[in-house]
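For clarity, chains are labelled A, B, C and D in written order, and residue numbers in each chain start from 1.
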Amino acid sequence: MLAKKAKKYRDMVCIGRTHGVHAEPTTFGLKLALWCDEVKRDLERLKQAKEEVSVGKISGAVGTFANVDPQVEVYICKKLGLKAANISTQVIQRDVYAQYMAVLAVIGASLEKFATELRHLQRTEVLEAEEPFGKGQKGSSAMPHKRNPVICERICGLARLLRGNALAAIENVALWHERDISHSSVERVIFPDSTLALDYMLHKFIQVIDGLQVYPDNMLANLARTHGLIFSQRVLLTLMDKGLPRMKAYDLVQRCAMKTWKDGSDFKDNLSQDKDVARYLSVRELDKIFDLDYYLRHVKKIFNRAGL
Amino acid sequence: MLAKKAKKYRDMVCIGRTHGVHAEPTTFGLKLALWCDEVKRDLERLKQAKEEVSVGKISGAVGTFANVDPQVEVYICKKLGLKAANISTQVIQRDVYAQYMAVLAVIGASLEKFATELRHLQRTEVLEAEEPFGKGQKGSSAMPHKRNPVICERICGLARLLRGNALAAIENVALWHERDISHSSVERVIFPDSTLALDYMLHKFIQVIDGLQVYPDNMLANLARTHGLIFSQRVLLTLMDKGLPRMKAYDLVQRCAMKTWKDGSDFKDNLSQDKDVARYLSVRELDKIFDLDYYLRHVKKIFNRAGL
Amino acid sequence: MLAKKAKKYRDMVCIGRTHGVHAEPTTFGLKLALWCDEVKRDLERLKQAKEEVSVGKISGAVGTFANVDPQVEVYICKKLGLKAANISTQVIQRDVYAQYMAVLAVIGASLEKFATELRHLQRTEVLEAEEPFGKGQKGSSAMPHKRNPVICERICGLARLLRGNALAAIENVALWHERDISHSSVERVIFPDSTLALDYMLHKFIQVIDGLQVYPDNMLANLARTHGLIFSQRVLLTLMDKGLPRMKAYDLVQRCAMKTWKDGSDFKDNLSQDKDVARYLSVRELDKIFDLDYYLRHVKKIFNRAGL
Amino acid sequence: MLAKKAKKYRDMVCIGRTHGVHAEPTTFGLKLALWCDEVKRDLERLKQAKEEVSVGKISGAVGTFANVDPQVEVYICKKLGLKAANISTQVIQRDVYAQYMAVLAVIGASLEKFATELRHLQRTEVLEAEEPFGKGQKGSSAMPHKRNPVICERICGLARLLRGNALAAIENVALWHERDISHSSVERVIFPDSTLALDYMLHKFIQVIDGLQVYPDNMLANLARTHGLIFSQRVLLTLMDKGLPRMKAYDLVQRCAMKTWKDGSDFKDNLSQDKDVARYLSVRELDKIFDLDYYLRHVKKIFNRAGL
């Protein structure tokens, strides 16, 4: 699902943001491809953690098989689809469950990251994407823009729960001697809660991705919001290629950029109308610089590397 | 080191305890073999986590390689012994560090478990083992028994630090868009602190195991502390094998056991002097029941299964 | 400082957002007044926690004053500006430090909330405020809009550290008997780290508030971004006051609102040009409805209640 | 209940332990008095936290009372036994619940400490106290000593849950703008779970204290387990009072102490039979030194200071 969507939006250009501030163009598909790669890591972690917890034991009161033959353990574990623990006390050692719960928390944090991105994109001022909004659903009585990313917010919240539970699971490791039962009360709460919560989060996230509303026009509008300033670094580099010393080139670019920043005028226009700049860059050259495709020329290769 | 010690003490019998209360005999080597098995899991986790974090990226401000060729990234990462990230933003995604820090916390919890066991064994009333005590070191001015398991206590404490730091690392995953820098201040503290702390804990633990004082006489004395009651279950089972109904057998055993519990008399003596019991079990048979070797007959096999 | 700024911006209107989506008008001063109120609670918590930890003890190896008179403890604690603990073991009980560290974490979370708000307001698309930006400081080589809220991001990060450390402190409470020293290794790290980090965060936050850049024009522009839709609820209520049944009123409002949402036309214009609406609401009445002051008529009272 | 028990056992002497190793005599009542003092602190914390969360709000979508008069809030909150929040957004600020949950976690840690002490005292080798054991309850089929401190272990486990939940609550503080709903999913789990768990823990702990089995004979036997070595420091101090230089006195004490430690002979006998010691200390003086009452002479005063 995620991979399909990543491919679908592979070339849909949008602004990349660092610190919440516009940086350089990227594509919406790249955002999703990033998640695909992370989900793959999460799946691998889950697979390993699941294998680790898939052990059983019937080795008696302190793990010596005093009154039961080791073969019984092997036999029954096999029947249950489990591996017999190499060695145990009265219980399976708790590190395997600690690891499992930690992995659930890490996966929860991945989902929290994805959901946080969508919450950002759904902001009124940004509005590049929205989580699906049921037909009958009402965000607000009369305000049609009041579509709230409540599913994504819920996913973020539950990620906190998974973290807290992971911690309790790690505290459960240091049992006394051949076992004490302090882990039991905790596990009766955190095992069902964390597995159910993550299952729910995953289902909800799939539902969000499946029905995701994407607004390319807003992406382009947001890209234009700084009137071309996002290309300033490339202007600078080109002027330097033309032989200008860095400081000199910087001053020229900065002069035009500040004008744009202050009065909202078009950055490319300011450059082309700047006599000093014009001496080095023709309008045609400027057009070449102000080219989104330049930023996206490696997108295919990145998708390839990410196995998409 | 741990494996060597496990083998050395493979057949050194001691009481197994559940809930802190005497249960059935086990061996000191089995305790250590259990740890060997857990350390193996920890090493595997660390290996995988280390592989996960061994990635680098030089993909530009938002991960598009806008002004740098992907080949540069591959080349430099290779030089640094890193894998180039399949896909990145301005930074490597934080889930890999979260996973790494969670693994450090789980390993810390393993060490905490081992250290807790030794702290228990070093109690004045138990005194089956002691962490090494330097020649010049003074536990207390004049009390020669005042050797405190301070290294093991330190290991336990630092395990708490690792847990707290793991949590902060998992919270670092959900950065905004193509990166915000909120993870940085945290990582400057928790990365060096957790890696150094775990390194220190491991060194200290090795030192503890290397110089571990083990007191077999005290192990035997503790085994005898319940005057043979730890064999009561086997007496019960044997009486049942002889044809006694469970309730009847239970009453006989319970009668003799309670006498022992109350006046500290020897359980085997009480049984042999009990007319009803004597009808079913000869002194010779009782001797066979009160046999520690019975409990240890599978120890070799367990060691084999644990690869020791 | 915060109170002064709150008063300064008391009537500076801006959009209030729930779920990141525009809701109803509020003022920038109200945001700050909310923080003032929270800071007051934090100060009270800190005061109490500080009082709790301001205890000392010189009561001997297990707290019985075996070789030191209780008066000595009282005398020395007084000299140190501490209260003598009512009762102690070899150490002050760790619950007081756990509580203290938990309070630091809660205060850190308050600062995280404030800093998160500012990070949101500094987004390129929102740009209602910016943390101070040093003269010589460069966000990016040539992009004048590239001012990153790095201080606020740092504050957010360190809040995670405080949480993790609080947890370790709470784990420190359950020492064995009259003390074990497992708390010590942890406290040597978390006490200086958390107190220094919070001190740093507070200083940085004060610096941010002191030099905060506020952009009222952008606040108004953002308010206008939904072309008047934020007044829709009030239109609905007024129509109902005029005797229209809710469903009927809702349909009228919804019709005009959807037009605005789709083509970006002015909501008030749509209403005044809607024949059905015009029957109930004159242009003058509409003007009265589309009045920001209405939303702010209780601001003074709220400030009073918050002691500002 | 706890205070009553503390007073009851005020003068019941037992060994004080640091690092799990015998240190100096104390009394069982002092252990309980220590808990009384901590419970008082916990109650004060809970009272304040409860007061903090006892606020309500009806201030509209973003906290401006746009469509509801502030008086309505005051009126309804009063009816509900709540204070109206000085200022709010769409919701009560989450720091008050974070503080509340942190306090629950600290209280849980106190109970964990008490329960851990009892688990230690119930160890087979120590057996100074036991949690109540139901008549029909069976620890083990035939072993009458197999009474497991399962309630105390359960309390310890649930303390971990409270810690994890507190953390999630602190993470809930930093909501976006005038609210996002990410806190809600978490709170639906952690609020009922933590309050119910702590309530249960408190009830169980009261039940444990109420029915606590205390074994004074075992306390005395444990005191004697080091054959008088616990008095060695006082011997040393008395020899120094008699004019011996510290090093000389130390050597004498150490000599006799080591003999005791090695062969289990009585320390006082060894001292009285040591010619060098005998020159300074008469048998009568030794008797005075080996006096448990000396260690307990301040117990009443401590109880007074603790308000017992």
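Annotations for the structure displayed:
The criterion applied here is as follows: a residue touches a chain if its C-beta (ideal position, glycine included) is under 8 Å from a C-beta of that chain, and two chains touch if they have at least 3 such contacts.
What you see is a predicted model, and the numbers here were worked out from it, not measured in a lab.
Comparing the CA-atom centres of all chains against that of chain C, the greatest distance is found for B. Here the spacing of chain C and chain D, counted between their Cα centres, is 35 Å.
For this pair, chain A with chain C, the centres built from the Cα atoms lie 26 Å apart. Counting partner chains per residue, chain D has residues 17-20, 23, 119-120, 148, 150, 153, 156, 163, 166-167, 171, 176, 180-181, 233 touching two or more of them.
Chain contacts here are complete: no pair of chains fails to touch. Of all residues in chain C, those touching chain D in their complex are 16-20, 23-26, 30, 33-34, 37-38, 41-42, 45, 48, 52, 60-67, 69-70, 84, 86-90, 93, 95-96, 98-99, 102-103, 105-106, 109-110, 112-113, 116-117, 120, 156, 159, 163, 166-167, 170-171, 173-181, 233-234, 237, 294-296, 298-299, 301-302, 305-307.
Within the complex, the chain B residues that touch chain D are 15, 17-23, 119-120, 122-126, 139-150, 153, 167, 171, 222, 225-226, 229-230, 232-233, 235-236, 250, 253-254, 257-258, 260-261. Partner chain C is touched in their complex by these residues of chain B: 119, 148, 150, 153-154, 156-158, 160-161, 163-168, 171-172, 176, 180-186, 189-190, 193, 197.
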